[in-house]
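We call the chains A, B, C, D and E, going by the order they appear; numbering starts again at 1 in every chain.
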Amino acid sequence: MIEIERLSKWYGDFQVLTDCTTRVARGEVVVVCGPSGSGKSTLIKCVNGLEPAQKGRITVESVDVTARGTDLTRLRSRIGMVFQHFELYPHMTVRENLCLAQQKVLGRSRDEAVAKAEALLERVGLSQHIDKHPGALSGGQQQRVAISRALAMDPVAMLFDEPTSALDPEMINEVLDVMVELAREGMTMMVVTHEMGFARKVADRVVFMDAGAIVEDRPTEEFFGSPSSDRARDFLSKILDH
Amino acid sequence: MIEIERLSKWYGDFQVLTDCTTRVARGEVVVVCGPSGSGKSTLIKCVNGLEPAQKGRITVESVDVTARGTDLTRLRSRIGMVFQHFELYPHMTVRENLCLAQQKVLGRSRDEAVAKAEALLERVGLSQHIDKHPGALSGGQQQRVAISRALAMDPVAMLFDEPTSALDPEMINEVLDVMVELAREGMTMMVVTHEMGFARKVADRVVFMDAGAIVEDRPTEEFFGSPSSDRARDFLSKILDH
Amino acid sequence: MDYNWNWGVLFEEPYLGWLVMGVQWTFAVAIAAWALALVVGILVGVGRTLPSRPIALVCTAYVELFRNVPLLLQMFLWYFVMPELVPDDMGRWIKRDMPNPEYVTAVIALGLYTASRVAEQVRAGIESVGTGLTNAAYANGFSVAQTYRYVLLPISFRLIVPPMTSEFLTIFKNSSLALTIGLLELTAQSQQIAEYTFNGFEAYTAATVIYVCIALVATLVMQVAERYTRIPGYMGSK
Amino acid sequence: QDITSGRLGAIAERGSIVLGHRESSVPFAYLDENQNPVGYSIDLCMAVVAAVEETLGKDLEVQFVPVTPQTRIALMANGTIDLECGSTTNNLTRQEQVEYLPVTFITGTKILTRKDSGIASVDDLDGKTIALAQGTTNERAIKAAVEERGLDVRILPVKDHAEGMLTLETDRVDAYSTDHILLHGLIQKSRTPDDFAVVGDFLSYDPYALMIPRNESDFELVGKRALAALFRSGEIGEIYERWFGPMGVEQSDLLQASFQLNALPE
Amino acid sequence: MAGFDFAVILNNLPFLWQGLQLSLLLTGLAILGGIVFGTLLALMRLSGILPLSLLAATYVNLIRSVPLILVIFWFYFLVPLALGRPIGSFYSALIAFTLFEAAYFSEIIRAGIQSVRKGQVHAGQATGLNYWQIQRHIVLPQAFRNMIPILVTQGIILFQDTSLVFVVSLRDFMTVSSIVARTEGRLVEMYIFAACVYFVICFAGSLFVRHLQKARTA
């Protein structure tokens, strides 16, 4: 479903991504991890064309993201994305946040959009907050709204960029729970995260990046059981034992 | 050594601390935890008088912090403090960061101060960064410098306010290791943290706060073994199982 | 509405001399006022952030007073009103015996007005350093004075170099208001040339070009200053 | 005569005529207690306006724009004002930019000072301070006289006569200089007229005239005709008396001759 | 000038009021014009189209390095020449202020647009909104909300700046106060009174700004 082939990207002279190749099949959950600055966010932003890449190819459901002339707007409306800092629209209520793109992009009627919004919020347990502004919610609640906002577009796949790393520890689980449920329902997901518990629980594969390159790309148990590279072993030891 | 007696504090109408009582004996390590906004930072800032309290009493080595006329400057120079966001002086090199207060507050000579700085940096493994500015260091390195800066004053006790929560996961351990060593050497420590692994390993007692009040204050094993309050049980379950 | 172009007029005497004189006065007013503004502005700006309520209050009052009355009116207040309010002898001295009364008045008015703006920048600079670093300094055992001396001021001064550049340019521009009290600085001279020669286009163009050059040079100088004062890797200093 | 083009046409099209006026040239053009412009020149201008209305065959709205010595020529040259009613000297340099109607008053530069200042002529100005209105002929006359005599005089430039008088009244300067007649006007409007005196000889010859745009011969003709009618009919005498009577200033022989010369027949 | 006489203020109140009305009118219209033209300049600068952004940048930097008085002189005398017909001194001044202040407003608006986090644009893009939809529904509403206090502050500065039409005798509050001061010989009273009026208006304005800022951070 998502295929990344020999992708390279530079910021000026600085190479952020080097020859990255991986794929996510329909219904698969792939966790991307690696040290800070290794290019995880950049990689995931390339998938729906938020960042352009200079070399290589990405296709999503056979649509070439990197080709000129691709209708990126249309493509993006079919891939949901969740950000580290939620990025809810602060000047709109939760309801408006969920309805805006449904109405403007998918052309749904107001009633349809609101019905969809209500159903999704119900599912993540936030129905009573529908009229609030994001600023009035806790971080965990905001992130659950952000996930709902992405789901409202009926995406074929979801991208997550460190969805829990800006959260207080006690709120991390309420967000992870939603994600686990989503994974179990068969959503195709690509998740940048440091939450190895989550990875172990639902990931089909783990991609480990370092310095812009994909160092390991293996089934979850293999990765945790016997990481083949020193860098990954080192990383895992640092991140797991506290 | 540190005694907090029936401390209450208000911001305007809002009560941040309600009747808090606890104590830290010489050489003891006390971890303070609790949900966000429960008043942990405020409590710890009261200990060296960075925040004034309206009711109650704090004494540090029999000096009354809350009394008018106490020479707070002198008191503070004897208590080290480490902050969530490091708060190194950005315009100075690491060496200057460590020497400034030694020279200006303790009146040490330049040579003495530098020798002390070098010794401390050696201990935390940062000797080669002594001439850099903080901005050129990673978060974990900065926090280790910050701990050294506090230690340079030969403090009788150390206060930590979430020293690892602004760090990337892979850097958390390098800071915790320094703290564990410090604890093992017998430093009196009061540590606000969510790192329960650290608490288990070195804390003598755990203080659990909620909504400005101290809900539990018990030896470490008791706390983790059977937290008596629902709130603490709830908190622990959220924070431990991911 | 035919217009007789004559750029040559700018290079004829006495008009060239007038322009040169005008530039000299503009610099004389701007530089002196800037010195005054820096001294007063830094004191007032620091005063506003001090823990002492009365000092902070006085400094706040200063800023509010001076920035909420138009500069032109302040010029007039210093020039026309102030000498009438002081004892007669002193008023007479100010008006007649003080050397260069227009110049001195312009410098005081412009300097004290700009000081209120400088003070705001200084305060903003100090506040943007943040309570975190301030607390760190206190926790390190520094007194209030030491905290300002070693931490807050060195950092905030570096942070406010860019906004100070624009204040510095503003003072050059505002020095043109001195023409209303009879000081023949650059704008006044260009206007006088326009009157004498009726070549308004040329005269105003000359003044405009000179002002733009001053701005360019000042910006360049300040950019260099910025580079030297930048704190490596510190947020807020780009 | 062609009234559809040029300035007359423009005035007809917009239905209004813009008069530039001075605010402190007593008694030519100044502000009355309601801050409306009045004076000798204003009355003459209104006669011209009436003639323009008659020529155009329509009533015009009259707009007043305040001018100063520094702005009047530029505003005339750039077309903001159609007619200037003040105390403007007609000289040939200015005629490079603007045009004038016939002379309506004749005066010259003198010096206004406090009675007790000890100044009796230009020669006494050495070491003193004098205010001069920027852009006036008087400014140049005084500067020339000072230079000729090699005196050390500090000059304070001011915006207009009111500000000049103000600097004198507040003791900022020892003297103020402009046209003789205006100085009398300033004394008269002062709150302590007895403190001041006009001294010295005439330092220049300043014939006043209403200013109009250059190269507008149709407009100029209408203006000339209107003034000639006033001069011929003797109505000028009434107007003169209204403004100069209270000041006790008679028409000089020279001025009478000038009126005669311009009282052209139809 | 011994003895204060504040009756002079009462006697001239209607005249002074007219002046104040003109000041306020000039301020209001110049703010409107300045924001419209300033937004245009800001969009040009951020457009990424080099000639457009260069043009806008040149204009803004040119205007910002020249004193307002000089700009007023320029426009007061040259606008009629350029237009080929007189438009009255009020409109000359209005055009001068609009064009002058637009340079300052454009910088504020540009900063306002840039103050919206890049993540917000990404979030909009990620849900499939196009450039104009993102500007219209996400960026501009937030930008303007962030800008309001600074816009009001600039409005206060503009109100003070209008006093400079004094140099061309346009009858704003400053000029009118001066006329009364000089014709009545009551400088001290009039100028102090004028200062009080300006202070009250501008201070009220800055209190309002502070209120806005507090409301926003709360």
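Following the convention adopted for this analysis, contacts are C-beta pairs under 8 Å (C-beta built on N, C-alpha and C of every residue); 3 or more make two chains touch, one makes a residue touch a chain.
All values derive from a computational prediction rather than experimental measurement.
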item: Top-ranked pair of chains - ranking by C-beta pairs in contact; value: C-E
item: Chain separated most widely from chain C, comparing mean CA positions; value: A
item: Gap in Å, rounded to a whole number, between the CA centres of chain D and chain C; value: 39
item: Centroid spacing, where centroids are CA-atom means, of chain A and chain E in whole angstrom; value: 45
item: For chain A paired with chain B, centre-to-centre distance based on mean C-alpha positions, whole Å; value: 35
item: Cα-centroid distance, chain C relative to chain E, in whole angstrom; value: 20
item: Per-residue multi-chain contacts in chain D, two or more chains; value: 74, 78-79, 166, 170
item: Touching two or more other chains - residue numbers and ranges from chain E; value: 1, 77-78, 80-81, 187
item: Pairwise chain contacts, counting only pairs that touch as defined; value: A-B, A-E, B-C, C-D, C-E, D-E
item: Chain E contact footprint on chain A (complex, rising order); value: 45, 48, 50, 72-81, 83, 85, 87-91, 100-101, 104-105, 149-150, 153, 159
item: Residues of chain B that touch chain A when the two form their complex; value: 35-36, 168-173, 176, 194-195, 197-198, 235, 238-239, 241-242
item: Touching residues on chain E, where the partner in the complex is chain A; value: 117, 119-120, 122-130, 133, 137-138, 141-142, 145
item: Partner chain D, residues of chain C touching it in the complex; value: 1-2, 4, 80, 83-84, 92, 95-96, 101-102, 180, 182, 184, 188, 191-192, 194-195, 198, 200
item: Residue ranges of chain D in contact with chain C within the complex; value: 69-70, 73-74, 77-79, 96-97, 129, 134-135, 156-159, 166, 170-172, 215
